Structure formats: structure tokens, C-alpha cells
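Below are two complexes that have subunit A in common, paired first with subunit B and then with subunit C.
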Partner chain A sequence: MKKYLAVVRITFANVLVYRWEYLIAQFRAILLLITLYFLWTQVFKTRINLFNFDRGQIITYVFLATILRQFVIISATDQIAAELQSWGKFFSYLLRPIGYFRYWFTVDLVYKFSSLISISLIIFILTKILNITLIKPSDFLYVLLFVAAILIAILIYFYFNILVSTAGFWTSQVWGLQFLVVLILEFSAGAYFPLNVLPTNLQFFIKLTPFPYLLYYPISIFLGKLSYLESIQAILIAALWLLVIFLLTKFVWGKGLKAYEAWGG
Partner chain B sequence: MSIIKVDKLTKIYSVAQKESGFLGTLKSFFHRRHKQIKAVDEVTLEIDEGELVGFIGPNGAGKTTTLKILSGLLYPTSGEAEVLGFTPWQRKPQFQKQFAFVAGQKNQLWWDLPAYETFLLNKEIYGVSDKDFKERITYLSRLLDISDLLKTQVKKLSLGQRMKAELVAALIHQPKILFLDEPTIGLDVIAQKKMRDFIKNYNQTFGATIILTSHYMGDVEELSQRVIIIDKGKIIYDGQLSKIVSKFAKHKIISLDFEKEISRSQLTTFGKIKDYDKFSSKIEISRSQIIDTTARILRELPVRDLAIEEPPIEEIIRMIFTKNK
Partner chain C sequence: MSNFKFSILKYCKVWLRLGKMRFQEYYIQSRLHSLFLISGKLVRFSFFFIFIIALLTKTQTLAGFSLYQTLLFFMTFNLIDITSQFFFRSAYAIGWMINKGEVDFILTQPINSLFRIISDNIDFLDLATLAPVIMVLGLVITRLQTPITSTNFILYILLCFNALLIAFSIHVAIIALSILTQEISSEIWIYRDLMTMTRFPIDIYSRSIQLVLTFLVPIAVMVSFPAKVLLEVLSWQWIILAFLIGAISFGVSIRFWHFALRKYSSIST
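Take a look at the complex of A and B:
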């Protein structure tokens, strides 16, 4: 356990070195949030209900999505691809008595919590300035279901991101792939707007992927858009996705390690 | 007591062949041809506790691959290896706590942080006590002369300083075995010398078994008693460095200083001229004739000074490798 506390310590030290980069990333998220806020405010000037969302719900959605985007779908495991390419650091972890995935998950937790705390703080101030009241879950069971959905979402994203990074075993051109994945993923996770906004066909298609389980479903649970039963169903499907992605990542990782061996001299 | 036992270790890499040009790339995208490369070929060896062994060989000879297998990074294709009683590629934590691998071109230090942060991380990873940690850091950083650099960001260190910090990071848990892969690569002459002194000292003080690879002869000549020469995956020599000469060198070299000018043709009867100047020359003479020829030279030439030398090890090894091609 102490090892992982040491990992927390050193990661946090590293976060502090890059504090400006992180603040800039937060700032970008806030800019987007403000844009969305004014957009939806305008839209709801002339109507009360759109896509089954009222004004309060949609505003809460975008605020929550902004916070959770900085918590659920950020991960330092992007760097694995780069480490695989330069291979010194990667090797050093394989050689030391520490679990590689466990190590990365610890690193991720530090990133997640430092960005959650800073973004929540900024958003808290923002809601005070703009005088916005966010909707709270209607009862405690929804809070529990929401937390469960978020935990699964974090794990799904963790393994999924490693899966993308494993491309680094075979090619040095991972950056482009990662960039593309982020675009598609954020869009279909519902990071910018609830998926209900999209045409039904597209919605149907997106809901066949694991991505909506990262943000869209957890937030829907939070807002009480799903019944208890539907919420539990969503959580179970998410858990199934987690299992699939976990197994796939383990499998590809194993293959990658084998392929990796073909390089050294 | 042997601490490392290796029996008929073989590692075959399958390397994808890529054809040149756009069409070639396209072709190899759909149909990759693989070439089998024997990086390590039935290597058998034993290393005792406390030994300092040098692995030498040209690039791609299989030195690093052997180290990688012994440290558990790679699975061998066939053969056995036992290090500290463990099978390395099972990567047991109890095994990993007892060795360290330092590679000159790679780094484990956190780039944006002071080296000390990585030391602290390693302290916990290896479960080193506070007392041991303090003692070892003080000792190692003083010996390597980097005490004032521990709080400096790693990226601001010079290559030499960084290598020293890498060594400290690797030695915090006082490994029983230390694998050093090209530890002096890219370092200037003074830094190389310091690194060698440290390695030697560490071996003697702590009785650590050290295996180093290098393609600088200097490293090996100064450090190791025992040398393993490896080429194309095969061990072609395993033994004392000093004995390489008598085993492989068929010649000795006589250096001569003359009283008077001597022409080239006067020397050709004695042996092959390696180096010629009117007043001093070097002649290569086969070992069996060394006494007769020396006597003849002394009789026939106006010699002022004479020395019989072994050819430099570096040259012998170069000869071995070129012959092997």
C-alpha cells in the first residue's frame, strides 16, 4: 500500500510542475461550458421543453458533463503509448516490484481528483456569478446508483484508454489515433449535449457502443431521467462492457508484450 | 556459489521485413514477411556471487538481449536460466527486489522532478527502511559527487549527472545483482572514468555481482577480470581478460629504436612491419619465433632500445570479430 502512496506523492508533484497546463485545460472546459450555457438559455427562451429536457435539467446536464468530463474521461494512460516508444521508463516498471496497471490507476486517481477539485471550485464560483441553481437527485437511491455508474465509467475509460495506447506496441503514430478516439468518444459519451438531441438512428447506433455509459447514462441517472429499473439495467450493461473491455485490454496487452520483444538488440 | 546459471539459452526474434518504397510499404502492409534472427544462440554460462563480468561484442551481438532475459524482461525461445534461484521471466517480486538494471540510454527518473523524488518512490517500491534509505543516499551521492544535485530537476542535469542519479536510483535497495547495459555510453572521458571507479568500488564494497555490457574496451579492461565475448549470439570466449591475448594473438610486437637510420627493406626479413620510421619501428613476429628473431635483430641491427609487447586487446578483439564475419 505504501508504494502506491509514494506513487500518489510523486504524481502530485508532477501535476504541480504542470499546473499551468492543467489550469489552461480547465479554462478551455469552462469556456465551452459558458458557450453551451448561453446557447441553451437562448433555446429555452421560447419553449419550456425540448427533447424531454426542461431548462433546469439541460443546464444541469452541461454543468455536470463538464465536471465529469474532467473526472471520468481524463487519464494519464495516454502516456503509455509514448513510454512504449521510448521504452526506458516502461522497462523500468516491468523490472520493479510494482503492478503496472495498478501503478497507472493510482496515477490516474491523482489526476482525476486534482482536476475534479479545481473544476468543481471554478464551477461553484461560476454558478454563484450566473446565479444558476443546479438540480439535485430526487432521492438518495439515485445518488447511490449515480456513484456506481461513475465508478464503472472510470474503470471502463481506464482500460479503454490503455487499449488505445497499446497501439504503441506496434506503431509510433499513436498520437493521431488517440486524438481521433477522444473526438469520437467525447461526442458519443454525451460530453457536450445529451444524446437525445441527436437523430434517433444515430442515437440508436451510439447506444450500442460503450461510450454513453461514460457520461450520458450516469448523468441521466443523476437527473432522474431513468427509472430505478432502467438505471440498474444501464449499470449492468456498463458492467458488462467493463468486463469485455477489461478482457480485451488484457489480451491485446499480452500480445503487445510479445510483439515488443522483437525490437531489442 | 553460482548466482546465475544459464543453460543453452536461445532467443529468436521474428522481425518483420519491410520493403522500400511506397509500393513496398503497401505490400508489406498486407503481407508481412518475417525473418528469424537468432539473437542469443545456445548460451551457457555460470556466474558466481561477487563477480564482475564484462560482456563484450559488437552491436547486435546479443549482449543486451541476454541481460534482458536474465532480468526477466524477455522470455527466451528455449533454454533455462536461474538467477538468485528464480526463473527471471516469472517476474516474482522477491526476485525483483534483489537486482537492478541500469541502461545507459534509458531512464527511470521522472524527467520534470528532482531525482530525489524518484529515489523516494523507489524507497517505497522496494520497501527500504528510512534509516537505510538515508544512509544509502548519503553514501552513494557523496561517492558519485552529486549531493548538491538531488533537488535539481532531472531534465536540467547533464548526461553524466543524470547517469549518476540513475545509478543511485537503481541502488537504493542495495541489489545483489546489478545489470549494467552500456553504462558509459555517451559520457565524456572523465565521466567514464568516474563511472568505472564507482562500479569497481561498489563491487568491492558490497560484494555485489555486476554484469556489464559495453562496446568500449576501456570499460571492460579496467573493470572485469572475467570477460565473455559474444558475437552473433554465441559465446566465443569466456575467461580471464589477460588470457585472451595468449589464446587469440598469434603474434607479438617488437618495438625498436635505432642508433642510425634504417631502411624499410632492412626490416622486412624479420617480420611484418606494423609501423615504420627511420629511427623507430614496430614489427609483428609470430610467437614461436620470438626468441630467435629477437636475437637476430640484436645481432644485425644497430638497436638502441627494444621492447616486446602484446598486441592491444582491442585489436585482438577486433580481429576476432572480423574473422568471424
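Take a look at the complex of A and C:
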């Protein structure tokens, strides 16, 4: 446990060293939020309901999506691909008395919580300035279901990101793949708009992937868009996706370790 | 006159040589990487395109603009954004160039330093996405209900060039700021995100945000103004102001660049 506390301390120190970059990352998230807020405000000027959302629900959706994007879809594990290719850096981890995946999960948690605190603070100020009241879950059970959905979403993203990074075992050209995957993932997760907006065929196809379980379903649970039964069903499917991605990641990782050549100094 | 011609020819040759070098790097040595990058850009474009169509099919209008008019704003945004990335992508790597001593090396070369820095990373990958964007833009323009006069079309083209001038000025200012502070610049990403605010008509934003995006960081002048002139909803006073903003941005950024260059001291290893 002490080892991982040291990792927490070092990672947090790193966040503080690059505080300007860190602040800019938060500011960038806010710019997207401002665009979406004004877009939906304009859309709902002349109507009460659209895509099965009212104004309050859609505004809460975009605010919550911004917060969760900075919490769920944030991970340092994309660095793994680069480390696999860079002068034996990965090899140095194998010599340390520390679990590799546990190390990265600890690093991720520091990034996630520091990001969550700062983005929540910024959004709190923004809601006061814009005089926005966000919708709260109708009862406590929805809060619990929402938290469960988020915890699974974090783990899905963690293992999925490692899975993509494992490409680094075989090729140095991983950055392009990561760029493509993140773009598809963010749209399919509902980071920019609820999936209800998209044509039915596209929605159907996207809902067959694990991505909507990262943001779209957790937010739908929070907003009470799903019944208790539907919420539990969504959480169970998410858990199943987590298991599939976990097993797949372990399998590919094992294959990658056999192919790994620790060249470099 | 012949000296001037020789100079232009020399700069064209250097630009093409640098472009060829990057082309080899991106396409020939990293084909898979290029394929993923192009696919990613097309995916992002397609998702937003589908989103706008899905939204406007239900709402009919956005801030008073019809589906094809809204798509004109989106396509103009893509045109300006991709073209400026194609020409000025080096601004993204300026921090790296300073730290690795690339800037020191460039300063010793017998060529305009700003030209050499800004042309260091010509991204031909952007051309692969620019071609479909121009085709779709053409299609959108033909579907507009507003009759397009030749005057409006010429003004649209001129304002697009003006947008590139402003984009150039912003990139130069960011490069100069990095030279001055000698830090890895993140300002370029703020510019990129501000730019994405103009995917939709500027009229959706509050008055204060519109003012900021017109006068402080003239992103609206770059994207919304050309689209509006084609739709005949921009007065001649705003058109003159747009060109004035372009000229002032250019003048100020060049002066800032010279100021930064005078203060530059090497930090590379």
C-alpha cells in the first residue's frame, strides 16, 4: 500500500509541476461546454421537448457529460504505447516491485480526482454566473445506480485504453490509432450530445458497442431516463463488457509480452 | 524585379522541399499512422455533419438559419481550419523546436526565419481531408435557397483569404509568445478550441461572447463572416471591418515576432 501512496505523491507532484498545462486542459473542456450550452439554449428557445429531452435535462446532460469526460475518459495509460517503444522504458517497470496495471490505475486515479475537483469547481462557478439550475436525481437509489455505472465505466475505459496501447508491442505507429479510437469513442459515448439525437440505425449500431456505457447510460440513469429495471440491466451489460475487455486485454498483453524486445538503454 | 522573382522562386523551392520531406515522413515511412489520422479526421467531420443534419431536420432552423445555411457555416469552418492547419502546423511544434535547438539552427540559415519556422511542418495529410470538404462545400452552396451572385462569391473567397491572414497572424503571435517565454506552448490548443466554437453560426452565442470572438480573438471574422456574406446577411461596413481586422492582426503579429526575436536566447542542449 505504501508503494502506491508514493505513486500518488509523485503523480500529484507531476500535476502541480505542469499546472499551466493542467489549467489549460480544464479551460478547453469549458470552451466545449460553452458551445454546447449556447447551442442547446438556442434550440430550446422555440420548443419545450426535443429528442425526448426538455431544456433542463439537455443542459444537465451537457454539464454532466463535461464533468464525466474529465473523470471517466481521462487516463494516462495511453503513454504505455510510447513507453513500449522508447529506449527500454517499459523494461524498467518489470524490475520494480510494483504491479504494472496497479501502478497505472493509481496514476489514473490521481489524474481523475484532481481533474474532477477542478472541473466541478469551474462548473459550479459557471452555473452561478449563467444562473443555471441542474436537475438532481429523483431519489437516492438512482444516485447509487449512477455511482455503480460510473465505477464500471472507469474500469472499462482503463482496460480498453491499455488494450489499444498494446499495439505498441508490435508497431511504433500507435498515436494515429489512439487518435482515431478516442474520436470514435467520445462520439459513441455521448460526450458531445445524447445518442438520441442520431438516426435510429446509427444509434442501434453504437449501442452494440461498449462505448455508450462510459457516459450516455450513466447520465441517462442520473436523469431518470431509465427505469430501475432498465438501469440495472444497463449496469449488468456494462459489467459484462468490462469482463470481456478485461479478459481480452490480459490475453493480448500476454501475447505482447512474449513479442516484446527490450531494446534501448 | 528579377531579384524579387528569384527570391519568390527560392522560397517556393524551399517550401516544396520541406513539404516533400514531411510527405516522405508521414506517408511513406508511416502509412498505417497516416491512414488512422486521416480516418480520425473524417470520422470527426462525419459525426458533426450527421449531428447537424439530425438536429436541423427536427428544428428546421438554428438561430434563424436553415439546414443548408447552417451546413455552410460548418463547411466554411472546416475549410478555414484544415487549410490553416495545412500551412501553419509548425506552430504546434514550436516548444519542441526551441528545446531541441531547431530554432537556433534555423536562425543560421540564409532565409527568412519566420517563413522557415512556419513552413517546417507542412502537413499533406490535411489535403486528404480538404478534398472531400471542398466537394461537400460545393454541394451545400448549390443547395442554398439564397441566390448566389458573383459579387457575393468573390467576397466569400476574399474573406476566406482574409481568414487565412488572421489565422497566420494568430499562429505567428503564438510562435512569438513561445520564443519570448521559451515554454512549450499550449496557447495553440486554446485557439483550436475557440475555432471549434464557430462550427455553428456565431449568432447562437450571447452578445458578449460574439464581441470577444469578433474583436479580441477574431474567430468569427474568419468563419462566420465569409458564410454570412454568401448568404447576403453581412453589411458592407462589417465587410470593410473584416479586412481591417485582417490587416491590423497581420501588422501587430509581425511586429510582435520581431520584438520576440530580439529577446530570444537559446535554451537548447
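As a working rule, the second predicted complex is superposed on the first by the 259 of 265 C-alpha atoms of A that agree within 3 Å, B and C clash if a C-alpha of one lies under 4 Å from a C-alpha of the other, contacts with A are read in each partner's own complex, and residues count from 1 in each chain.
Operating definition for what follows: contacts are C-beta pairs under 8 Å (C-beta built on N, C-alpha and C of every residue); 3 or more make two chains touch, one makes a residue touch a chain.
All values derive from a computational prediction rather than experimental measurement.
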Touched partner set for A:S92, first subunit B, second subunit C, both or neither: first
Partner chain(s) touched by A:V252 [first = subunit B, second = subunit C, both, neither]: neither
Contacts of A:I132 with subunit B and subunit C, given as first, second, both or neither: neither
Which superposed partner A:L151 touches (first subunit B, second subunit C, both, neither): neither
Contacts of A:A82 with subunit B and subunit C, given as first, second, both or neither: neither
First (subunit B), second (subunit C), both or neither touched by A:R47: second
First, second, both or neither for A:L31, with subunit B first and subunit C second: second
Partner, of subunit C and subunit B, that touches more residues belonging to subunit A: C
Of all residues in subunit C, those that touch subunit A in their complex: 30, 32-37, 39-40, 43-44, 47, 50-51, 54-55, 58-59, 62-63, 183-184, 186, 189-190, 193-194, 196-197, 199-200, 204-206, 209
Subunit B partner contacts - residues on subunit A that touch it in the complex: 2-3, 5-7, 9-10, 13-14, 17-18, 86-89, 91-92, 94-98, 261-262, 264-265
Touching residues (chain side subunit B, partner subunit A) in the complex: 13-16, 39, 59-60, 64-65, 68, 71-75, 91, 93, 96-97, 100-101, 103, 105-108, 110, 112-113, 117-118, 120-127
Complex interface listing, subunit A residues touching subunit C: 20-21, 24, 27-28, 31-32, 34-35, 38-39, 41-43, 46-47, 50-51, 171, 173, 175-177, 179-180, 183-184, 187, 192-193, 197-199, 202
